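First chain written, first letter: the chains are A, B, C and D, and each begins at residue 1.
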Amino acid sequence: MSDAPNGNGRSTTPRRTETVLYLDGVSVSFDGFKALNELSLVIDRGELRTVIGPNGAGKTTMMDVITGKTRPDEGTVIYGVDTDLTKLDEAEIANLGIGRKFQKPTVFENLTVFENLELAARDSRGIFRTLLAKLSGNDLARIDETLVTTGLAEHRHRRAGALSHGQKQWLEIGMLLIHDPQILLLDEPVAGMTDHETEQTAQLIRRLMGKHTLVVVEHDMQFVRDLGARVTVLHEGSVLAEGSIDHVQNHPRVIEVYLGR
Amino acid sequence: MLNVEAIDLFYGASHALRHVSVTADVGKVTCVLGRNGVGKTSLLRAIFGLQSIRSGKILWEGEDIAALKPHERARKGLAIVPQGRDIFPRLTVYENLITGFAPLAKQLRNIPEEIYQLFPVLKSMLNRRGGDLSGGQQQQLAIARALITRPRLLILDEPTEGIQPSIIKDIERVIKLLAARGDMAILLVEQYLDFAQELADTIVVMERGEVVMNGPKTSLDAEQVRRYLTV
Amino acid sequence: MTDITTDAAPRRSLMTPRGWTVFFAFGFALVVLLPVLNRVVASGSFAHVPDYLIPLIGKYCTYAMLALAMDLIWGYAGILSLGQGAFFALGGYCMGMYLMRQIGDRGVYKNAQLPDFMVFLAWEKLPWYWEGFDMFGFAALMVMIVPGLLALIIGWLTFRSRVTGVYLSIITQAMTYALWLAFFRNNMGFGGNNGLTDFKDILGFPVQTQSTRVGLLIASAVGLGVTYLVCRWIVNSKLGRVLLAVRDAESRVRFLGYSVTGAKLFVFVVAAMLSGIAGALYVPQVGIINPSEFSPAVSIEIALWVAVGGRGTLAGAVIGAFLVNMAKTWLTNAAPEVWLFFLGALFVVVTLLFPRGVIGLVADQRERWRARNAAREAEAAEVAT
Amino acid sequence: MSWLMARLRAVAVAVGIALLTASLVSPACAQQFDELMKTLVSGGFNEKADAAEKLGALGDGRAIPALKALSDGNLYTRKADGVALIADGSRYFEALGGKALGELKDDDVEKVRANNRVRGAIATALSQLSLFSDDRATRLAAAREAFKSPTPETAEALERALKSEKDPEVLAAIRFSLYAAKVSAGTPDERIKAIAALAGNADPQVKNLLTGVSNDKDAPEAVRKAATDALVSIERKLAIVGVAENVFQGISLGSVLLLAAVGLAITFGVMGVINMAHGEMIMLGAYTAYTVQIIFRALLPREFVGFYLVASVPIAFVVAGAVGILIERTVIRFLYGRPLDTMLATWGLSLILQQAVRSIFDAQNKEVANPEWMTGGFELIPGFFVAWNRLYIMVFCLMVLLAIVLLLRRTSFGLHMRAVTQNRDMAAAMGIPTARVDALTFGLGSGLAGIAGVALSQVGNVSPNLGTIYIVDSFLVVVFGGVGNLLGTLVGSLSLGIINKLLEPVAGAVLGKVAVLVFVILFIQRRPRGLFALKGRAADS
């Protein structure tokens, strides 16, 4: 594999002050296979970034590293000014304001929509606090607001397990929103959705732009196009190309890895 | 031949396959194309009974095998080279190969010499652990392992994924050879048009769990196919 | 398994009005009705409750408390702890030690300083860990602290290293097993395999008299009620939802920023303490505590009570405890050799056929019933038009 | 005790060889001998005593019958000529030569009396004399016995025996006893030499002897010091022996644990299922052994009964295995993916099985006798006794392990099992009938438990709750050793066994167990998935 990607990744986005997430030379290998190979990536505050790439390009692994699920073999992951995420565990990172939506929707099926959101709501995670927790007026307000943004208002008291696939995806996004995170990591938010649901999701995400920093991993090119955001192409664990949708579409290496052989 | 007729497949509430119909003829290579996440692998898992379908038929040599267990389908002559190869990591190469004896009658339980002719590299490392092989070697092992079951339907799921070009050429050669033998139907799933066009007789393009194009390679507009695959 | 949460309203009251009525009805029956029927109604009358029933029902109440604790840790947090029986026994031993000290010089050896078994084993002085148990307050405190502390240690060690599922069950069972062996030893200073018995009185009341027994029944019933409310409170709190979440998708909870270890540890310790209290109420009513209470079999049986009633529903735990133990009392008298067959079969049948227990069956039945009514109304409508 | 038997036999033999020995001794001795014999029958107690001692030192076998008779109170003299006679009931023999004289009138004869001092002297004498018996066993016994009476006389006798003795083992024994004799008698540097010679030996007897010397006020300082030093080195030896013994015990316990746990580990590895009824499979195995034993006793001639054990192994395997498969087909397969429920259900089954056995056989402990070839044992080094049944179980355990390895590595079923463990879906896709593999695996695991039961019937009693004794430990082995990995199970069980036995002397049996548990809990802090943890579905939940 070429070393061009890294240089490429840097040149297209030189490090700026409002950088909120900064990955540098991150490598992860699972028994021999290099899932991430010196991946370097810079995300600016308030940016919407879509990440694409063929299977095994390392998209999900990248998210695992950011959220503390996987410890990188080498490299640094800096959040904000100087928080090294590689030193923290899942809960701590989540509490820093980095929310993640999983590829497979994981909402708490045995809780109601409302309760799912309540759990996610941003307040103390301390055991005894949760024991004594009372829903304050503005908690309720936030929950209602989120229910509206995710279009789940009329489902508030349904068991999450009873929701449709798309609704579960939205609920999970809602659970991230209500926690009011700095960064939202969305792994294949429209996988398995109908066209209609996909459109709605695209709208939802566009609405979030600016308020939050969003990183979206997706295969559905129509969807990526709809988002019309900056695109990063991963390949074999490192950045292959980065730029506007048109830029990457005409990028020869990209075309090669997608059609090639 | 294989007739997949209008199958639907769900993961929980997620609708992964929507009325998908595919056919694969003996002696021909049918290639299913599509970006990842469009349901190609789901289709294969359905054909092999690793995922249960909600509706539709899976006809193999005229018989509906949708209700059969995977190992029973293997007995009927189906074999798969899965995505990611799924070599048994702690079995030796030889042991990996002879797992293919399971669906065979006693007298067939041997490793045909042709296997080693197709994949000479394997012969030299029969006692290595499958997990220690390189990606390319694993891919070859996976194909060899499938061939040992004397399949009449060979299913390959992205055999070129993460493989160095030299070995891709080998694999390409092997698949051509098998197709030429004309005793098995080959169902090849790919993301990469060029590789597919090299081999395919029929091309099926999937998008979002649906078949959007289907026909003989020659009849399809390559440009349009390209659009479905590229970014 | 989930009907507590399905109808949850945003502002949760502890129980629905219906719930409260049932709760108080039960309470009234146990705390007022039974005692009156036993003490006031003449023994000839058909309404009279025979004396032997009083401590028996009292015992059931303590078992029900134990079941609630088990449900909290297993039904809600999804941790099949096979150590609840041990916590129960530990609480029982703390109470037993207090009761032993109350015997004073009325023992066989008339020794005011030492319990009989120590005199018998020719011990000179009271071991240090027996100090203070002559005070009820202290003993009552230990009833909670001892099991709680053990749970804290074991729980901390296991949960933080993310030991879950079967592994955790095995560890807790091994703990129970170890305690079982340990308490059989005479030199532990807990009366060896005879355990502690021959109690004279509790808080000055002679334990043998019927009035004290009635008193103990009332205490147990109240204890059960309080335990129920505490559990209700916990599962209704946000923490309760965190627990359910942990049970269903542990890693996801971490990504929400909750400390899974902390949550588990909390219920584990609470469950242990509740079990301890149950044990403490149990001992004076049966008049003995011995190592057999530590037997791993006991702990697993508790899980069965919960499973029979319906795990993940507090009412289910109570119902299960009563049903199974009533069956036990009856069968072990009627046909002792059948009991184990029955118990064994119960384990298999419940897990295999009725994983949601009695509550689940009732719920399903109600569903079917509703559906039928709906259908009938629909027909009626048809006809009308 | 046994040496005493040997000695009595020796007496009889000695009579036979008396004449032969006589021819060897010089006339002077012969004369002295007759003198002594006379004193023995006519002298006062003290004279008799040292006559006996001298006879012993003389080493002439002919004296044996007389001495023996005297100490048993059967020695008489003929009033007429004072010839020594031995009485057998009312019939008499000549003490020398043993010529039969038939009945004699009581007033023709006179009983020769002995007191304890005399008897003591005789005992020593006899022991010395039997040093010259031509029966090897007797000489050996005598040589060892001589150790107990380290008197100058014994020393003398030994010295002489040393000359005539050929057999190496007996020689060794003689030298040993000789040193012992020298230790407490002789010139200081002789004694020191002797002590030095004994110092290497960890025999408790030697220990006592030397302790005696080192505390002996009137022994010279140098000697006492030598003795004390020797004792130190002996102590060290004994300590080592002690540890060695504990380790042996540990390995023995470990192999029992291994037998009990290996089946559990396999089923857990392949299917991720904990079988709480595993202990009852062990119990079934043990009862199978018991039943087979009864049948053999009933049907076969005595000499074959010992083989019931050999027969029970395969039978137990089949019985337990069949029950296992039945359980898998009827209960467990419906619970896959619900490991906790599986635990509960199998626990229920264990209760049923226990009660069933209780109803068929009663609740009493059943004793399964060790066949002769398994009873007793041997002393590996002094103070370290190796019991046959323990040894056999270790060997057996190894054989079983070997068999499993062969099964896994060489058979197609083994191959399928490993394939399913590593990747269930792919195995199915290769045409491996996973459901059948599951059932058979469970059968195998249970069958192994059955075999374990047979082994356990040889080290303890058989009762309906036999299984519950071992099940928790087996669980710990699985947790400790890691899942689906024979090596892990082997190392796990052996180390737990050894740790257990090494702790026992320090902490006592129970606290030892507790300590082991604590150890395991702390251990899983480091490796929550066990010593040789594997990835795969067995590890989840």
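Following the convention adopted for this analysis, a residue touches a chain if its C-beta (ideal position, glycine included) is under 8 Å from a C-beta of that chain, and two chains touch if they have at least 3 such contacts.
Just so you know, these numbers come straight off a predicted model, no measurement behind them.
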Pair with more cross-chain C-beta pairs in contact, given C-D and A-C: C-D
Furthest chain, CA centroid comparison against chain C: B
Chain occupying the middle, per Cα centroid: C
Approximate Å spacing (C-alpha centroids) for the pair chain C, chain D: 49
Centre distance in Å when chain A and chain C are each reduced to the mean of their C-alpha atoms: 45
Interchain centroid distance [CA atoms averaged], chain A/chain B, Å: 32
Length of the line joining the C-alpha centres of chain B and chain D, rounded to whole Å: 64
Per-residue multi-chain contacts in chain C, two or more chains: none
Pairwise touch network: line, ring, star, complete, or other: ring
Chain-chain contacts as defined at top: A-B, A-C, B-D, C-D
Chain D - residues contacting chain B, complex: 412, 415-416, 418-419, 422-423, 425-435
Of chain A, residues touching chain C in the complex: 67, 69, 89-92, 94-95, 99-100, 102, 106, 108-112, 114-115, 118-120, 125-127, 130-133, 135, 140, 156-157, 159, 175, 179
Complex contacts: residues of chain A adjacent to chain B: 31, 33, 52, 54-56, 104-105, 163-165, 168, 188, 191-192, 194-195, 219-221, 224, 231, 233, 236, 245, 248-249, 254-255, 258-261
Residue numbers on chain B that touch chain A, as the complex places them: 11-16, 35-38, 83, 89, 131, 135, 158, 160-162, 165, 168, 191-195, 208-209, 226, 229-231
Residues on chain C engaged by chain A in the complex (per definition of touch): 1-2, 5-11, 234, 237-239, 241-242, 244-245, 247-249, 251-260, 262-263, 265-266
